[in-house]
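Here it is, the structure, as structure tokens.
Going in written order, the chains are labelled A, B and C, and every chain counts its residues from 1.
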Amino acid sequence: MTRSANGKIDRVVWAAVRESRPLTLCLTNFVTVTDCANAVLAVGGSPVMSLDVDDARELAAVSASAVLNIGTVCPDQLAAMLGAGRAARAAGRPVVLDPVGAGATRVRMDACMRILDEVGPSIVRGNASEILALEAHSARRGVSRQRGVDADGSEARSEIENAARSLSERFGCVVAVSGETDVLAHGQMLSALTGGSELLTRVTGTGCMLSAVVACCAGALPDKLFSAAVAAMNAMKLAGAGAESKLGVPGSVGEFRYRLCDELAEIVSS
Amino acid sequence: MTRSANGKIDRVVWAAVRESRPLTLCLTNFVTVTDCANAVLAVGGSPVMSLDVDDARELAAVSASAVLNIGTVCPDQLAAMLGAGRAARAAGRPVVLDPVGAGATRVRMDACMRILDEVGPSIVRGNASEILALEAHSARRGVSRQRGVDADGSEARSEIENAARSLSERFGCVVAVSGETDVLAHGQMLSALTGGSELLTRVTGTGCMLSAVVACCAGALPDKLFSAAVAAMNAMKLAGAGAESKLGVPGSVGEFRYRLCDELAEIVSS
Amino acid sequence: MTRSANGKIDRVVWAAVRESRPLTLCLTNFVTVTDCANAVLAVGGSPVMSLDVDDARELAAVSASAVLNIGTVCPDQLAAMLGAGRAARAAGRPVVLDPVGAGATRVRMDACMRILDEVGPSIVRGNASEILALEAHSARRGVSRQRGVDADGSEARSEIENAARSLSERFGCVVAVSGETDVLAHGQMLSALTGGSELLTRVTGTGCMLSAVVACCAGALPDKLFSAAVAAMNAMKLAGAGAESKLGVPGSVGEFRYRLCDELAEIVSS
């Protein structure tokens, strides 16, 4: 277990993002899509969104990476995700899966399983409830039920690490779990990130933004996916802490929300 | 006619919301969905959104309540609303209808009538133009035409009260009409709420946010729907007035918009 | 070539908008739809959105104008755009096309060509990469490829002017190209607008907002489309510059984003 504080590697990631300005294809839910676009812009990427299977497939072929976020998935969007996801992987581009509410409904779990099986994402980024649900389901150990799309908050750290490691081995991908402590696993590698802000859980979209930023970083450094994911997760923790510390009115979620992208922009350019 | 200023009942409602953190299923338009999510989070609920009929039905079965907002309804979304709405009602959960622009098109009126007839919402929350249009249409007195989705503003208070009462009796639901003065009707009960801010009409989404907050409160107190609706409407009026009073730049809609959720959070937790 | 600084004509446009409060039908992408609604409200119009072909057609018949923005177009939405666009034109109402990412995929170019051929928009508002791609494609000179939805930034001013003029002549419409210098062409008329803010390119949605505001102005002055477009483009440049100049934290995109609508409101009411 290493604690990540490797500023040097993070700087390599952000330099690569600045240099290549990765075109990041976001097939994402309609609740937080604006925030995802602004987060990718803030860190220096170029976001592009699509709802159409042919359009998404074309875009995947020219994008640096893609994020598939199932927060409001429906059959047409799943088709676009599978088509674009396969096109991206065929072109050697990283794909990030955000399994929003995977444990809440059969529809969501089925969508995740099809993406895991048919696309083979490079990175899975979710909260603890989602990762535990995915792990339990794919291990055929029954479904760990989730209430809505938010994390339960009661999961033990060791339980999260074991699930992340197991899921990473089963699907050969980086698994990145955000929470009070972030946990990242890839094969034998395991990292934990502390810090951040409790306010990140009090506005919608910070998890989705994080997945989009992870995809942006992965697009810039497709051969260093673990480092890319760590840098992105670390930046969001730092941005959350930075935004909270600068609030004129302590606890203001409205102010926090508009400061978050500014903090991201500052962190990645310094 | 009672004027609501019953701080005590409102506090009961918000205590119930804090205690149960109601999972609030929002089947809502794509214009203001982010704001709806943030409003539900601000008052202490847990929002979940969906675009898929099966997913929505599954979520309805485990949610505390649902809001059906027809602001950008299309056939697939209407199917999800009918399926999830019926599932919620079958499980004894309150359902809120927001008839956005009901008087503007036949498509919108038909969607509202199907939801009223096939789901039987517990609460209808709209502006005066929408409520008058619904009442006129369901009484087969012809359609009161509405221009777009905004209220006309010319309706007389007595006209609004009569329409709210009549609609409430016809469909056996609470009818909550927001405007310069809010009017709520349920059977023999009638309440009026004054206050608020004119700025609430100058940003998009405040009516949609209100309906989502009404649903959240109804989910926490399903046996006291009238009180739940009054508390929610009252909180939005207070939040509007509070946000306006704190603006650094008088009249700034941008600042008003980000302060609104903070005010909601403060009001419901005090 | 005239440089626009015609404050007098701009004031005529905004007076017409304030007087008629144009109902502006926005068939637009799901990434920036909230911002489009708030921009139309800020300048004094009344926005209405739709995803359904019948609903959109009904709304087009009573709206002052429509904007068709293909940023996340899919077959159902294209059908709504074609139906509503034709209904608007048949009723003599101006239609604005925003060809988001036209040069990035075949799907987007095909959608634009169908709208150009079957609807006949009154105004096309895009960035330089989009306008050059449309011009090259419609002249059957092959496709000028675009990376994602952002402008390339390398296009020469004369190249942009020639493309705008050529596209304007081919389709008999106003062509409005936003960029560091905005270029507007209609028949023999050519205008250029300087000023603005680089921050307009660092948040998502400012181009989409601009197209919605252009549509709002065109709805208020359907017989003076060139002046309407110039006034709208000019207002966005002034709002960008004004918002940037008032930032508490220089370069803050979060603050810029919420100030932009306030600046629009102030400019158009003065």
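Just so we're on the same page, contacts are C-beta pairs under 8 Å (C-beta built on N, C-alpha and C of every residue); 3 or more make two chains touch, one makes a residue touch a chain.
Quantities reported herein were computed from a predicted structural model and do not represent experimental measurements.
In summary, the pair subunit A and subunit B forms a contact in which the copies contribute largely different residue numbers, shared numbers making up under half of all those used. Overlaying the C-alpha trace of subunit A on that of subunit C calls for a turn of 120°, given as a multiple of 5. The centroid of the Cα atoms in subunit A and the matching centroid in subunit B are 33 Å apart. Contact with two or more other chains is made by residues 30, 34, 257-258 of subunit A. Residues 23, 30, 33-34, 37-38, 41-42, 46-52, 54-55, 58-59, 62-63, 76, 257-262, 265 of subunit C are the ones touching subunit B in the complex.
The part of subunit A that touches subunit B in the complex is made up of residues 29-32, 34-35, 71-75, 77, 101, 104-108, 147-150, 202-205, 249, 251-255, 257-258.
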